[in-house]
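Labels run A, B, C, D and E following the written order; every chain starts at residue 1.
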Amino acid sequence: MSSLLKLNQVEAFIQKFHILHDISFEVPKGGATVLLGRNGAGKTTTLRTIMGLNQVTKGSVTYKDTNIGNLHTHHIANKGIGYVPEGQGIFGGLTVGENMRVAMKKEDETTTKRMEWILELFPDLKKFWNKPGGQLSGGQKQMLAIARAYVNENDLLLIDEPSKGLAPIIVDKVTESIQQMKEQTTILLVEQNFVMASKIADQFHIIDNGQTVHSGQMEDLKNDKVIMKKYLGIS
Amino acid sequence: MNLRNVDKITWIYVAISLLLFIVPFIVTGRSMQFIIIQIFIFGIFAMSYDILLGFTGIISFGHVMFFGIGSYSTAIVMDRLEPSIGSLLVAIVIAVTLAAIVSFIVGVLTLRLKSHFYAMLTLALAGLFLVAAEKWRSVSGGNDGFTFGVPEFLRDSQNLYFVGLTAMVLIFFGLRRLTSSPFGKVLMAIRENENRIESLGYKVLHYKVIASIVSGVVASLSGVLYMLSLRFVDTSVFATDITIDVLLMTIIGGVGTLIGPIVGAGLVEFAHHWLSGLSDVHWIFERWIILYGTVYILVVIFFPLGIVGTIQSKLSTIGLKNNGPRAKK
Amino acid sequence: MTAILETKDLTIAFGGHIAVDSVSVQIPEKMFTSIIGPNGAGKTTFFNLLSGQLTPTKGSIYFKGNDITKVSTTERTRLGIGRSFQITNVFPNLTVLENVRLAVQSEAKVRYQMIAHFLHYKQFQNKAYELLEKVFLEEKKNHLAVNLSHGEKRKLEIAMLLALDTEVLLLDEPTAGMSLEEVPAIIEVIKNIKEQKERTIVLIEHKMNMIMDMSDEVLVLFNGELLARGTPNEIIENEAVQSAYLGGEYDEQLT
Amino acid sequence: DEEETSGAPEDTEETTDETTEETEGTEEPMETVKIGVLASLTGALEAYGKQTQKGFELGLDYATDGTMEIEGKKIEVIFEDTETDATVARQKAIGLLEDDEVDFLVGSSSSGDTLAVTPLAEEYERIMVVEPAVADSITGSEYNDYIFRTGRSSSQDAVAAAAAIAGEGVEIATLAPDYSFGHDGVSAFVTAAEDLGADIVHEEYADQAATDFTANIQKIIEADPDYLFVVWAGANSPWNQIADMKLQEQGIKITTGAPDIAALATMNDLVGMEGFTVYYHTLPDNEINDWLVEEHTSRYDGDVPDLFTPGGMSAALSIVEALKQTGGDTNADTLIETMEGMSFETPKGTMTFRPEDHQALQSLYSITLEESDEHDYPIPVLNRVLTPEETAPPIMNQ
Amino acid sequence: MDLIFSLFINGLATGMLIFLLAAGLTLIFGLMHVLNFAHGGLFIWGAFAGVWSYHLSNSFVLGIGVAIVTGVLLGLITEKLIIRPVYGNTIQQILITLGFMLVLQEMIKVVFGPDQKAVSPPEYLQSSFMLGDVILIKYRLFIIAVGILIFLIATFILKRTRIGLIVRAGVMDQEMVQSLGINIKLVFMSVFMVGSALAALSGMLHAPYSGVIYAEMGLEFSILAFIVVVIGGMGSFTGSLLAAILVGLAQAFMAYYVPSLSLAVNMLLMVVVLIFRPQGLFKVKE
């Protein structure tokens, strides 16, 4: 299986702090991969490093067989990588519609179609189309952040904790939408909601203290009590 | 940080202050003493600005109004009464009272206006003071200004030096205490996140107003000293240029450090003195102001947090590393 | 049982949008009340009204029988209503310890002390440290809050709220984004507070198992209105709640 | 900030000089007379400061025939830049007095700088020759015995202006910047003009930094005077708006003090204006001026001396003359005694320090602005010389 | 009536001139939130370079062209060397741009000499004509026209393209904008260059208006521009236009009716506006 994205012994610093020590994993084309780990393990930092928001100080990040480790963020994004950041990254002063417009790379028919699909998925966004993003509720912001990533045609989607702050009913919807997305796009997910993660992901990697410590198929993990307990605290 | 540690720093400051008391016996040139006195004066003024900018996060473009209030109170009292220590005290009382009243009002306005809007409003208020000084010519002497005498004792440059230094040292230790008190910690929190502090049970407005008053009063004292050193007043004591100067001193030294503004004042005064002196050396330095401007640019590039701020943060990261917050198991 | 907090006809409109619509509830003293509801139902807004961040367009709020509708945020905190925030809201360039210490200091009512050095208040430092231990954040005490990971910031939020030691604790999705292993521990902390110190707790959460496990009573908000209230079991059985919130046969209901 | 210059002329000059020897012992290292000159050598008033500086240097050269010696003493000059900042001026002055131990102070380009320094002259008992600061208070309310002014004062300007245009029944309006300089100038003018029988029909003050003067000019049009007397200084000026508003076409004649050459260039629309000036190089008719023009032109690339150049020269000439008369004695009391009432020759003719307030009485020039083929600015053409007696301002230091 | 009309038209022209001054700053300060004290430096450079070439070639249009090019180039240099390291940090911006302002201002004297320079409008824009009793100054009508033109173009561009949105988004969260595939650095640089070009253009247009240019005018006028941008409401062209006209009219009417307060008119206006509208005339959503 050819891998779409491959991290090889990646190290990264934030300012003077050494955060990522040795991150190595592959994301196969098609399907979904989830990163698991405790708070502060380095999951978010890993995604940010892939996006070029942190410098890779050692190791390599290979995407479609090219090293993207030292590219500018916008170049990386333009290679077809979409990103839903942890803090949602909503432009508070812009309306929901404007937030979407900033994200839209082109305005053609497919985009319009996607737009329709998105608004069906998150009717709240339609309802609050002209409301400043900063005034949305926490969950609505989360929806907007996901919607922004959905609107473009991407080859890879990096999604950081999509379920955070969402009502169960919306979590179901988002889960379903990611499952749909999987058909055209590869997904790399960070998620604490284990139920959701196991519904979506095919394989997992566990990060602990800035290192990838365990990998495998999601199917197997559900039954692997030892790993679950050791790294995820689930018993 | 522990007590012993803090004491060490305090001792260093005390030692430096004592050293400064010896300086006039070594540097006897009045002209150089005059420059150093200006550093004391602007050091005080810049510290007062730091209370606003560095500790409370308020940018004001009109801080000079308090300096001007201090200046005119002194000048007018000295001119109208006889130049004695008694009238100096009267002048200080008037200066402090006026500054407190004005800074109270200005401080209350921080409630309504945020960041740039507040900055511009203060610019406007200081501008109105300038216009008032210009217009009320019978009292202020207007743009031409007037000269006046000062108490005999302060006519001596050395004495003035000691008075300026003492004032600066006292104010420095006072403000340092203030900023490291529980009150000061709340100010810093306001700078960081004004909205959050309310839901911790603190009244933002009270703190801002108190900070504004402290800052205004201290600034007016620097105005008083300025007059003692200059013995001449004109409307330029309300000019925006002075706000800009003091802003620069504060930033160059490092905001939120208190000692930084003094260092900044020293650096600005000496850089100014030295660079402008270059023009006597060679005609090529006729445009020394270009070099002076370049100094500012270089400071930002090499000392992004100001001189003291940058050094402090270098030291503290070393400290943090030793503490090993993220010990790898 | 007496109500420590009570709202009457509480309403707020943002422009034309009514975010909280005539909500009248009593929050019983020393109980654990949870608020659930779809995203945008008005839960956080309701908290904002209780804590004074927002002023209602209509209706009033009573704390221990006194009308506090016009009382400021600061005063409400001092009276005994503390809250945590859904979107993390800390002091970014202060250290973790200093963040908590500010709350401890407020609780100790040392507010305008300008003369004494902070280090004379050693007990604040210790208390803050203890609280950090409770939320598993003591290792990060000297880090600037801005450098924390998301989950760590959530913990800091909780520590600050605990430090205030108010009679009422309003918790807005405290465990969102917190890792699985720590959620139970944090829940434990919250429960202990309620039981040992006899506090009143109001919690907004989307994690149903948590709600079921902890709540004495659950309020359901929907489109700004109080849709239902009852014990956790009653609520989970409620069909309206199921379709609007929990999923299942939801379909077009939300629009 | 600056105030004195451009709109009205100022300054005077004079010279004398001497190169002497007085001593016989050539072995001995020669004694020196030190002079500290304060001027704005950078900043907004830089052009004026530089004129003073050049004038002063030329003055010494002229007076000592280039030897830089007087009564057997070497003359040493130190120029300091006040940056048009009172604090800097004071600091530099202290430096000059203390560290360099100068015998004379000269300066400066701004009244504020000057007033910050004059008390030092008294304190250190050194003579200060004020040039070209114009504020009346320098020789008025802030006067002290050590101050002598070769520059003309605001009131002198005003009196000159009045002499140039006022007469029985003439109706005059004034326009001036709304600060001390403008108010001083106007009030002195009003007194002088009314003495000459004129009627002041309107006084208009405008924000000096304003972009738009049309509202002010509108009011003047409504007052419908025969003359509009403008006191102005500083780069930002109302001239082109006065032209745009067609005052001259509406029968209102403009009069003002002609400024320095750079500013004259902004007055092209005012050709035909009658006014006065402190100096323009073609106006005075005397040997010193001829020398000044020639020497200045050859030294500075063909540039003629400008508004304040002769002032700088006069300051130098007055000092040399005084030294000559005291035989090189720099004792301040002796000098004061000598200089009070002393007359000295300058590029502007004879000047005399009035004993009462030490203001140098001097000639000013009544002129008309005329177009010139050689220059891209209108040139002042002499109507008549206003004599020192005519332009003597009231004594204001009592 | 004539009087009021005359005051109005002159006030309007002043307002438009001030708007031109503030237009560049509306982008740089209002939209990008860069507290650029060197704006006045760009303004004087536009004025001096433009006037120099105008006088050399006798073509006013060429002068305008040169001013704009100067603005663009200086904008490029300024953004790359001075502003880029300090985006988002107001305190550093103050220091570095003030330093740069000193350099720019003093360099003017090195290049063009320290003297003030007289400037008059080209023949075809000179003088004035009378409409009844009202004097209409040609150059002012020209300024009004240019002001309206710039306003329309700017509004059109900001409304019709994503650029305004992207800049505002970029100010709120640079990283996120980049993550959306936008080269925000390039966008910021371009906007900064346009803002600088506007500053330089207004310097050039201002020159014949006041009849004289001098190095110190930069700081003086940039304060006016800051006032306008802030009371207009930070980043709104409509706001800046309105604020500028308000300032222009206030100056004209106060100078006529309450002359004793005309020194204070800008400041008073700002105090009044900010007390009643703490967010400026046109509140831009934060």
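Following the convention adopted for this analysis, a residue touches a chain if its C-beta (ideal position, glycine included) is under 8 Å from a C-beta of that chain, and two chains touch if they have at least 3 such contacts.
What you see is a predicted model, and the numbers here were worked out from it, not measured in a lab.
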Least hop count linking chain A to chain D through chains in contact: 2
Pair joined by more contacting C-beta pairs (A-E or D-E): D-E
Computed distance of Cα centres, chain C from chain B, in Å: 42
Separation of mean Cα positions, chain D and chain B [Å, integer]: 38
Whole-Å gap separating chain C and chain D, where each centre is the average of the chain's CA atoms: 75
Mean-CA-position distance for chain B and chain A (Å): 49
Residues within chain E bordering two or more other chains: 109, 260, 263
Multi-chain contact sites of chain D, meaning residues that touch two or more partners: 178
Chain A, residues touching no fewer than two other chains: 17
Residues on chain E engaged by chain A in the complex (per definition of touch): 162, 165-166, 168-169, 172-173, 175-184, 284-286
Chain D to chain B touching residues, read off their complex: 1, 3, 41-42, 79, 81, 83, 85-88, 90-92, 94-95, 98-99, 111-112, 115-116, 118-119, 123, 135, 137, 141-142, 178-181, 183-184
Chain B - residues contacting chain E, complex: 53, 59, 112-114, 116-117, 120-121, 123-125, 127-128, 131, 134-135, 240, 244, 247-248, 251-252, 255, 287, 289-290, 292-297, 299-301, 304
List of chain C residues in touch with chain A within their complex: 14, 17, 36-41, 43-45, 86-87, 147-152, 155, 173, 176-182, 206, 208, 244-247, 250, 254-255
Chain B - residues contacting chain D, complex: 29-31, 34-35, 38, 134-135, 137, 141-147, 155, 226, 229-232, 234-236, 276, 279-280, 286-289
